[in-house]
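Multiple structures follow.
Shared between the two complexes below is chain A, which pairs with chain B and chain C, respectively.
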Partner chain A sequence: MAEESSMAAAELLRQAELLKQGAEARLYRAVFLGRPAVVKQRFPKRYRHPVLDERLTHRRTVQEVRSILRCRKAGISAPVVYFVDYTSHCIFLEEIVGSVTVRDHIASTQETHPNPERELEPLADGMGQILARMHDEDVIHGDLTTSNMLLRSGASDLVLIDFGLSYISALPEDKGVDLYVLEKAFLSTHPNTEALFDKLLKSYAAASKKSPAVIKKLDEVRLRGRKRSMVG
Partner chain B sequence: MHVTQSLELFPDHKVTQVLFRDVKNAAELRQSAVEGKINGALINPTMLVHPFQVLVAANKAVHLDKIGKMKTRSLYSEVIFNLSPTNNISEAFKRFGISDGDDCVLVVLVQSTDESQLLEEITAKVDGRQVPVEEISSLSDPAKIKKLYKVSPLEEKCGTLLDAVVCRMATKDVM
Partner chain C sequence: MCSFMLVFQIIAKAAMTVVIGFEGSANKIGIGIIRDGEVLSNPRRTYITPPGQGFLPSETARHHRAVILTVLQEALEQAGLKPADVDCVAYTKGPGMGAPLVTVALVARTVAQLWGKPLLGVNHCIGHIEMGRLITHADNPTVLYVSGGNTQVIAYSERRYRIFGETIDIAVGNCLDRFARVIKISNDPSPGYNIEQMAKKGSQYVELPYTVKGMDVSFSGILSYIEEAAHKMLESGQCTAEDLCFSLQETLFSMLVEITERAMAHCGSQEVLIVGGVGCNLRLQEMMGVMCKERGAKLFATDERFCIDNGAMIAQAGWEMFRSGHVTELPDSWITQR
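Moving on, here comes the complex of A and B:
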């Protein structure tokens, strides 16, 4: 019987548009209950033991919807969860229609704008603020990149997505590493944005009461990262 | 005036919603439902924000039915249970099912695509005035809904009340 339901999802997804093929999951665009939706389906990893794999996949799915709800309750935008199918490991989410990723927005601004730095400052501020609020809720995103933040069409409104690696922690170290992951991704994706990222951190620091300990940890993690790369 | 939506995950199932006002026989209807004589869910619309809320509940009910994991005894009681933010079945019926004195009723049917006579059969039993389903929004009690689902003003900054409600319904089993 469980198979029948897994097949229901598989049948729907067979006709849906594949948006992204990731290492752990596929993302599809589909219509669900008459509304534009995206479906995130986690698939089995064959190199893992089946029972362990099932348990891990289930836990990630649960963690993802929990983090989304926790964020939304705190007023942090994340897609609405419409339905979760724990037999096929599918999450049906609201599609943020007409949005662009922060990554694409920064790239196109850098290409077309005479003074991109200036132009992108409010966005860096906004990113710092939303991450500060997320960390104040003890949500660690786990995979912060500029592709995992969306800008709603025509608005400066940021939406956080892809909480697949997220977890709950109050430790400044975990928050510092979260920011470090973003810093790495940010600076390697977007050339010449050191000042912009600095702006983001300043805004984060100003928005979060708990930021001093987090920034201190970020500095430590950076140092560790550098030492490691010197050793090779 | 009724609204029918087929379920994308279960293409041989569709959900029909019919809204009645000035209902005079709520007690009799409820009794028939309890006796299993009504093949539909009879819902008190004041706790509903929008017909989409019912679709989310119905889709989940059909899914759980197919995998043999319903928490209640019938598909229709499962629809009512899925609307509720808690796992207390009798509380779900109290909040979302009709009560004897109600004058508004939303009838919800989950049908396979070939059973169309069911709709007339049930609507004939309701002594009331059929109105467009969209009127649900004007019958709902946002203050009571916010209290029951514990929706804070902060959350309403990042979405609608419907968003908040649907999100809780979809995730309540792991909270």
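Moving on, here comes the complex of A and C:
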């Protein structure tokens, strides 16, 4: 059964259109039982030892599916998982049709809008809220960047994607690091957005029941970054 | 016609800029001379400690003090230049270890005043990147900067170097060096070099913790795991020291390649440049090369002459700054550990 389905998956991918080569997977456009779908395939990374590669790839496929389901159960927007093939490490996901990444949306708003800051404020609010709800479910995303959040076409609904590095934890430290990773990715990708990110954090703090401990940890992690010795 | 050419050559020669660079932020002391992108000389000495021991600030500074004038003489002689030929004196402002930085800055300041030349304080990290770009001709790369004190993924955007990923605890070189101390690997010529050679003889892959958080990495978990387990595994014959070196390298470098790839995907970049002391590890270069090939990207790297801390890199970064009109006034010629 597993072998059959994985053969079927391989066959499908041969005909599918390559949508994107992401940070660690290839995404193909496909149709699953008549619905628009994307297939996320974690192909073998030949630079790393096969034992390590198999271990990481398997764990990430499992984690991605698990965290998406956990989010969706809690009403947090993430793509529907249609089907998983653990042999070829493929996940069949609902395609968020006509979506753009938050990264591209911010970049184009910054280029075209006279007052991008104001224009993007509602988005920053929305990001803070969805992340607060995710953390309240004890889901640590593990790879928060603006490339891993989608905006539905024409709408302001956010969809969280790319949960391969995610895990479950209730620790404020883990949530604080999650926000720290986002902060650095956000500020380095989108210059001059300090105020916008601040807005995001404020909305996070207002929306999450457990935010004071998390924000305190975020401050600690930032400080640790600044105090690190840089010899050699 | 002839005299026109002669005048032209004289002008061209006069327009050439010669910068001498002083580096001593850690256990290497190097002085290099650059003339418009040409490395004229780049001598260096390393303070080597016995196996099991790291280098301490005051002893490192003492080492640098003892050899710096010899190295300076070598730099001038190998370049075939006199002090009068030098246009600017560059030195490492930081980050690095306080005592060695102060020692080297003091000498740089003194010669600048003796020779009557302008002084320039240079950021060590920028030195690594500018040197890498000079040697490899990489145009707009995603930079992996890996050394004893640094682990960063950097890209240039909006007229600034921006850090996309980094270690959230210790640097990769620090992790390697401290592992070497645990199992008493020699520091001569460097712990990293010896680990690399031993790893070639390892075959068994021992599972170690693997911690990547987005574009950031964490090495402290691996280090404490291996510090705890190494002796037990070696004594019970579960694996050899070579296997441990092999497994440690495979794990650490996989993490580095992974975050570099993630930053490339995020920035849409098609070039990688590896700089810093760990960057001369051929296994790291090989793994990065495989990743680049799979993405249709290009890898740029240099060898130990330019990867490991050296004076020419400070001269090169200084050259760029000097040409764009910067100098450091004497009262501002401080150093910084961060």
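Convention: the second predicted complex is superposed on the first by the 208 of 232 C-alpha atoms of A that agree within 3 Å, B and C clash if a C-alpha of one lies under 4 Å from a C-alpha of the other, contacts with A are read in each partner's own complex, and residues count from 1 in each chain.
We adopt the following convention: a contact is a pair of C-beta atoms (placed from the backbone, for glycine too) under 8 Å apart; a residue touches a chain by one contact, two chains touch by 3 or more.
Treat the numbers as computed from the prediction; the structure is a model and nothing was measured.
Within the superposed three-chain model, A:A23 lies in touch with chain C and out of touch with chain B [touch as defined at top]. Of the two partner chains, chain C is the only one touched by A:V181; chain B is not. Of the two partner chains, chain B is the only one that A:L69 touches; chain C does not reach it. With both structures placed on the common chain, the touch criterion links A:V97 to neither chain B nor chain C. By the touch criterion defined above, A:V81 lies against chain B but remains apart from chain C after alignment on the C-alpha atoms of chain A.
Residue contacts after overlaying the shared chain place A:H49 against chain C, while chain B stays out of touching range.
On chain A, the surface touched by chain B in one complex and the surface touched by chain C in the other have no residue in common. Chain A contributes residues 1-2, 4-5, 8-9, 11-12, 30-35, 62, 65-66, 68-69, 72-78, 80-85, 87, 92, 94 to its touches with chain B in the complex.
Per the touch definition, chain C reaches chain A in the complex via residues 25-27, 94-97, 124, 147-150, 155, 157-158, 160, 162-169, 171, 173-174, 205, 207, 210, 212-216, 250-251, 254, 257-258, 261-262, 265-267, 277, 286-288, 290-291, 294-295, 309, 337-338.
By the touch rule above, chain B contacts chain A in their complex via residues 5, 7-11, 52, 55-56, 59-60, 63, 66-68, 152, 154-155, 157-159, 163-164, 166-168, 170-171, 174-175. On the chain A side of its complex with chain C, the touching residues are 21-24, 45-49, 51-52, 55-56, 103, 142-145, 147, 165, 177-178, 180-182, 184-185, 188-189, 191, 221, 224-226, 228-232.
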